[in-house]
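So that you can tell them apart, the chains are marked A, B, C and D in the order they are listed, and the count of residues begins at 1 in each.
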Amino acid sequence: MATHALGLFETPSEALAAAGELKGSGFGQPSVISPIPLETAEEVLGEKKSVIKRFTFFGALFGGLGGFALAAGTAVLYVHPTGGRPIITWPPFLIITYEMTILFGILATVIGFLVSARFPAFRDRIYVPEAAVDKFAVAVPCEDRGVFEKAEAILRGAGAGEVREVTE
Amino acid sequence: MASIDRRDFLKLVGAGGVGTGAGFMLREAIKHPVENLVPYPVPPEDFSPGIATWYNTVCSMCSAGCGITVRTREGRAKKIEGNPSHPVSQGRLCARGQAGLQVLYNPDRVTTPLQQTGERGSGDWLPLTWTEGLSQISGRLGELRSSGQGGAVCLLSEGQRGHMHGLFEQFMANIGSDRLVYYDYDHPHPLLAAMNRLFGTSELPYFDLGNTDYLVSFGADYLGSWLSPVHHGLGFGRSRQGRDHHRGRFVQIEPRMTLSGAAADEWIAAIPGTEGIIALAMANRIVSQGGYQGDDADAWAAALEPYSADAVAEQTGVAAETIARVADTFAGTGPSLAIGGDGAGRHSNGVDALTAITALNYLAGNLGIEGGLIFNPEPVAGQGAAARHASYRSMLELAEDAREGRIQVLIVNQANPVFTMPAAAGIGEALARIPLIVSLSSFMDETTAMADLILPSHTYLEAWGDDFPEPGVGFRAGAISQPVVSPLYDTRDTGDTLLAVAAAVNPDGALTAATTEEYLREQWRAIFERDAPTEEGTAQAQEAIAAETVEAAAEVVAQAAPEDDAAADAPANAEAAVAQVAPAEGAVATNPDPAGWMPDAFDEFWNSLLRAGVWGENTRAEQGPVTVDASVIDAIGVDAPEFAGSSETYPFILQPYLSLNMHDGSGANLPWMQELPDPLTSVVYGSWLEINPETARELGLRDGDLVDVESPQGTISVPVLTFPAIMPNVVAMPVGQGHSEFGRYASGRGANPIEILAPQVEPETGSLAWNATRVRLNPTGRRANLVRTSGLSRDLGRGIIQTTATGEAEEHASTKLRSIPITVEPA
Amino acid sequence: MSFIDDFLASWREYREPGYYDGFDYHWTMSVDLDRCTGCGACITACQAENNIPIVGEDAIARGREMQWIRIEKYWEGEFPDVKLRFIPMLCQHCDAAPCETVCPVSATYHNQDGLNAQVYNRCIGTRSCAVYCPYEVRYFNYNNHHWDAPLEQQLNPDVSVREKGVMEKCSFCIQRIRQAKDVAKDEGRRVQDGDVQPACVQTCPTEALVFGDQNDPDSRVSQTMNDERAYHVLEELNTAPSVVYLRKVETDAV
Amino acid sequence: MPSDARPQELTYADVNRDVVRSLVETGSKYYITLACSIGVMLTCFFFPWFYQLYYGIGAAGVNHPSVWGTYLASFIFWIGLSHSGTLLSCVLHITNSEWRKAMYRSAEAMTLFSLCVAAMMVMVHVGRPWFIHWAVPYPNQMEMWPNFRSPLMFDVMAITTYLTGSTIFIYMGSIPDFAAVRDRTTGWRHHMYVVLSLGWRGTDLEWHRLRWAYTFLAVLIIPLAVSVHSIVSWDFALSIVPALHQTIFAPYFVVGAIYSGTAGIVTVMYFLRKYMNFEQYITKVHFDNLGKLLLVLSLIWTYINIVELFTGWYGGTSGEIEALRYRLFGYYAPLYWEMILFCAVAPLLMISKRFRTSFVPMLILSILINIGMYTERFLIVGTSLSRQYLPDAWGLYVPSLVELSIIVGSVAMFITLFLIFVKIFPSVSIYEVKETLPEPEPDTTTGEPEWQPTH
């Protein structure tokens, strides 16, 4: 049960500045909660690495191999010659392969997204509904009251209209 | 568990209801009708479930008399094939023959004896038992006979042959009447008259198409509806491609292209009624060019003098060069064959024309030779049947007798003159004067609808009979017609009905047989005893007889097809056929006590006859040199045809032709025949009037425009169809549709051209000159539904039907069919 | 590494384009256009043998005729120099059949007899095979068909009656072929020439149709294939049909 | 407020308010429209369809040479209509087009629902839809698998993939909006949005992951969408029917699809703007840009049409020539020229900027284009099949009443689905619209939120 200091800002630049300051002041990783994606967040909070692309890649790979295997395998499983074509017919099977590559690429991307962004999450977490409208919130974990006050000072100093203490 | 309040509950119920309803509808929409599988706890004795049984019998869809083999399963007829051992059909069959099953299983059959309770034609029918029905007719006939008025009974039947004709004759003798009348619309009276005039024979000859090298047909649709189309088809195929490097050629001379015209190598359009004149011009050419060297050449030259090709060119519409060329080829090719059919014979000059055409065979030396005209021996049974065939004139006499009250009872058997005679004949009105009309027909046709009493007959697949085909195949052949299924309904064999009536009316008469089968057996015993070996009773003799029958059948086939590849296999074929029908043996051996049964030789013969379905004598008619009487030669000549109606008022000559599918209308109640596209026009389910495209354009008519076809005798409405191969001043129309009765498939469909024909007759035979009526076309401005199965009948240079010229084999050798490797490297 | 060898071996087998070299039989029909008169006996024979429904006038007016073999006719020229030619058109049982590849559910495929088989029960009615067929010989059941009693008693028990939504076409009378093969098997031999004939071939009055096994070099049909008159309709499409047509012989002056 | 520039006074909070309002405030007009469209759908689509299931495909006008009819034309049409949505959205996403952001959600919804309707058309099209599952590869007791060599199987796979991809794409883009809406709603809606938003908060991490995943999806979906309509075209082009067996068919179909889809977007935009009170979001800028796009597409489409005619004519085979002749001058020639008028000539009006920025003319034009494009599909199916290799087998195909009714019903089905959609999905993307707004100034705060936080 960690306590967080959460400051609400009117503008993204203020919020990012506050987050940068917090990060620079030895606090834990601050998170910025915003109604819109902030392009510059990474510059302030450090670059993020995402595993999604690996999901996508391996999903697509699986889909491709699986797609071909499906087409070729079922053709061999129950041999039904049609139209003078070989049983394993490359070009049409490549189309199946292609579609399956994309299908599994998409599905894996979704899974990757859910996993890496830790969704779905229906328990209570740090959140302010205003941040879904027009407020920009900066939250930072605080071990105790002292740290919270320090964080609050920084937040207010950066222009936070309101600082709340929230627990996760 | 969540609580559900009333609203939710109702919502759920509503949703569930809608869902169930939709699901139910969906289910209903896609479900199959329930059908029951009926097991056989006690299997019937006469067949094994799952095993097909084949019965040989005779087709009676037209008068050709093809032998057929009917496949039955579980006691039901499934398929008709040609009987391979039968000399006429040789295993082949035409579309109409195939559709015979729908005669048997027709939904519109008369299923039980009926009595008309209302006025004639009112259609108020009261079902009767056979006892009641038979006693009604026997009672009336008995009265007439005992009062010495037996002669007032008339039996009007479709043509009968073989021993059935004998039965009919004896029946009439029993009643004491001589009014046995056969009526078939297309009975070849003119051809018979021509044969009689030229050669003194009363048999139709055998036209050996299979061996001919050059056939000139004058309006004879030998492949479509003329005499024996299946046998002609066999001959045509063999002459064309059945002989090595020796292809017969075919010429057709007629005003409107028939099926045979389409098949011909050369189609020559000629003005209707002038076919005989063309034949005479050909004869003139042959004689004048020295192609004929007989003793009577001078007589011929004298008789033919007025008919030079140049002289007739304008009258016939055929160029003189064409006539000369055909004549030269005809005389120079041997064997050649000239045939004349309904197109040429159904004119006021019909007999003269057919005489002229048939005489060509005499001049070219085609008589009695393979590939020519072969005379048929007299059939074993049924002599005198031809004399019973009524012409149009004799039908008019009959009608007159009816009007005058000289006919008290009319028994109609399958004949339908009300439909197949022109309205001008007034036959319907005349028949209505007859006090009692009894119909033995299986269907409610136009004539039967007028009857007071219907005693329905079996269809031919349920009935007994026999047949000696006419025209024959150059030697004696016959076949037994036997039931292939048990009767579907409460109907009777025609023969049985007549025998029962005869027995009731005149118990002391000559007709003693109880059933048709018994009658036939007795008749065939006579044939058997004539031919049987002297020693009887031994097993060997029986086998010999059986084998002989088979052999005879085989020889028949071999003889009919001497040059075909298949001919060598013919005995094997015949044997195979017998083997094929072997399962039927159980069905025909009816002796109740096999253990104590000692079959006599005739039983064995009879059984093998039933099995083989065919009987033959390997003999040809004795053929001496044929001479033509000098008076005949002197009299030879063909007058210009006479037409009813003036050419000013009625600019078109109407050519009603027998439909390939419906024949004279008797096939119109068969759905397969209604659905079979007419070969030349692809029309189904209807009538049409064929007209030259150029003429149609001048008249502003398009396909499907309804016109009133008006003759001096009446008017019918029919849609127009442009037909590229018809002369501009000729219109043609198929016979067969336009029924007012005759069941759900036929009635109220199309129009009947016979109705408006003028009563124009050929003077010698009195037969109807049905091609001799002029008509005019009055556009109605309406459109009719002309249903065709074809799209565009032009191939647009796509090479769908490829052709080659004879003698160019080398050129085509390079384009020989390759075995195409499958080069479709995937997809 | 026998596993890899096996794999490669079967891979090669399944990559073999033809796959047809090993037909047990290769049923073939030849149609002699010089003999065909267009009489239509084959149509009715087929209708009787194969339980082809009577569709009725209205259906035909809407273009829904149902005849596995039909006679196409083509006029040439104008009166009086006019010719009419007929060609029976039926399923060509192509070895490289376009209809087979398009069926998504494998309801049509090539069987070991070289026949283009149609599996009615498998068909879901996409009708794409009919589109892909250049000969237009596939017929669809637009609705359930009805036989007025007692016409249904004629139905051939060896052939199924097709329900609505199913494609059907000429089967070369596969039920007869099957029966002939059964008989031949019982007798321990191959089916011989002449043992089996489809209904149309059997009835053809002019013997224009010949049916047999192309694998048997002595069969009549093999001989007709070597005739210089032999050709395939729409040969340019390379569908490798099993129906061979023999050119009509036409001479101008007789 | 018709003006080019977005009004300055629109704030982040306004966006939330307007969008949520569009979801929760429902007037009687909406219900009447919904009821009507459901009614039309039931009477014009389901009732005739059930009749057809009962009677057989014969309820349609299809016949022997033309075994395919308007059902397949409708299928291509709806698949085509689906093309602009997701595809355009992806392309614009990747190219960072600002103007995409207000409209892409409903465009994607169009994709989704036209795909659904297209799938229904397949059900209507096949003869035995109760066995349609046989076309799906699943292990079964018959040990039968579908035929993967079949272009129709490509269709099954491609459309399944496309439907899955489009659904995921529209959903993923909506997660932040669901979260925003979640906070404003109560009752069943709230529960629904809680689940739909998956617990989205809007942290920098989540935004980062979303952006990546979204971009990957976009990259995957672009080639997918192209492949889908190519494959649909191969249903025809892989046959050997004259006038269908064309190499150009795949690009032709893809362009045609995007063309009709874009026109569809214009139509939908107009109605959204007008009846959902999004005047401030969907502006002349969008119509202008869509108009330019449409113009370009119409030119490409016309070009391909000309190429098709030219190559067909130049090929000169009897089959091709006859197919062309029939299409241009045959029974359906009036429809052909109507198509040319609607899809090649009329769009030239969009050269004028004034035209592009006039809403009603653009609406009318967009509907005309889609009528023309439907005609195109109908002609492809209806004229080619009736003129194939064997002239004796030629025929004429005329759609039946059932077919016409089902066409109407399918439009109603689309409208129904769309009407339901606009009440569940924020039909304008909240967060992406906010991105296009100027960042909030400190002095423009809206003060206390008017909602009650729910957790």
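In this section, contacts are C-beta pairs under 8 Å (C-beta built on N, C-alpha and C of every residue); 3 or more make two chains touch, one makes a residue touch a chain.
Please read these numbers as outputs of a predicted model, since none were measured by experiment.
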Pair joined by more contacting C-beta pairs (C-D or A-C): C-D
Chain whose Cα centroid lies at the greatest distance from that of subunit B: A
Closest chain to the centre of mass proxy, which here is the mean CA position: C
Intercentroid distance (Cα basis), subunit D paired with subunit C, Å: 42
Approximate Å spacing (C-alpha centroids) for the pair subunit A, subunit B: 87
Whole-Å separation of chain centres (CA-atom averages), subunit A against subunit C: 61
Interchain centroid distance [CA atoms averaged], subunit B/subunit C, Å: 30
Junction residues of subunit C - those touching two or more other chains: 17-18, 20, 65, 72-74, 95-96, 98, 101, 103, 106, 144, 234, 240
Residues of subunit A engaged with two or more neighbouring chains: 75, 80, 82-86, 89, 92
Per-residue multi-chain contacts in subunit D, two or more chains: 65, 128, 144-147, 149-151, 153, 238, 389-393, 395
Interfacial residue positions of subunit A with respect to subunit D in the complex: 10-14, 31-38, 41-42, 45, 48, 50, 52-53, 56, 60, 67, 70-71, 74-75, 77-78, 80, 82-83, 85, 89, 92-93, 95-96, 98-100, 102-103, 105-107, 109-110, 112-114, 116-117, 119-134, 159, 161
Parts of subunit C lying in touch with subunit A, wherever the complex brings them together: 10-11, 13-20, 94-101, 103, 106, 108-110, 240
Complex contact set, residues of subunit C against subunit B: 17-18, 20, 32-35, 37-41, 43-45, 47-49, 54-55, 57, 60-61, 65, 67, 70-80, 82-87, 95-96, 101, 144, 148-151, 153-157, 163, 199, 202-208, 220, 225-235, 238, 240, 244-254
Touching residues on subunit A, where the partner in the complex is subunit C: 72, 75-76, 80-88
Residue numbers on subunit D that touch subunit C, as the complex places them: 55-59, 61-68, 125-129, 131-132, 134-135, 144-147, 149-153, 155-156, 235, 238-241, 385, 388-393, 395-397
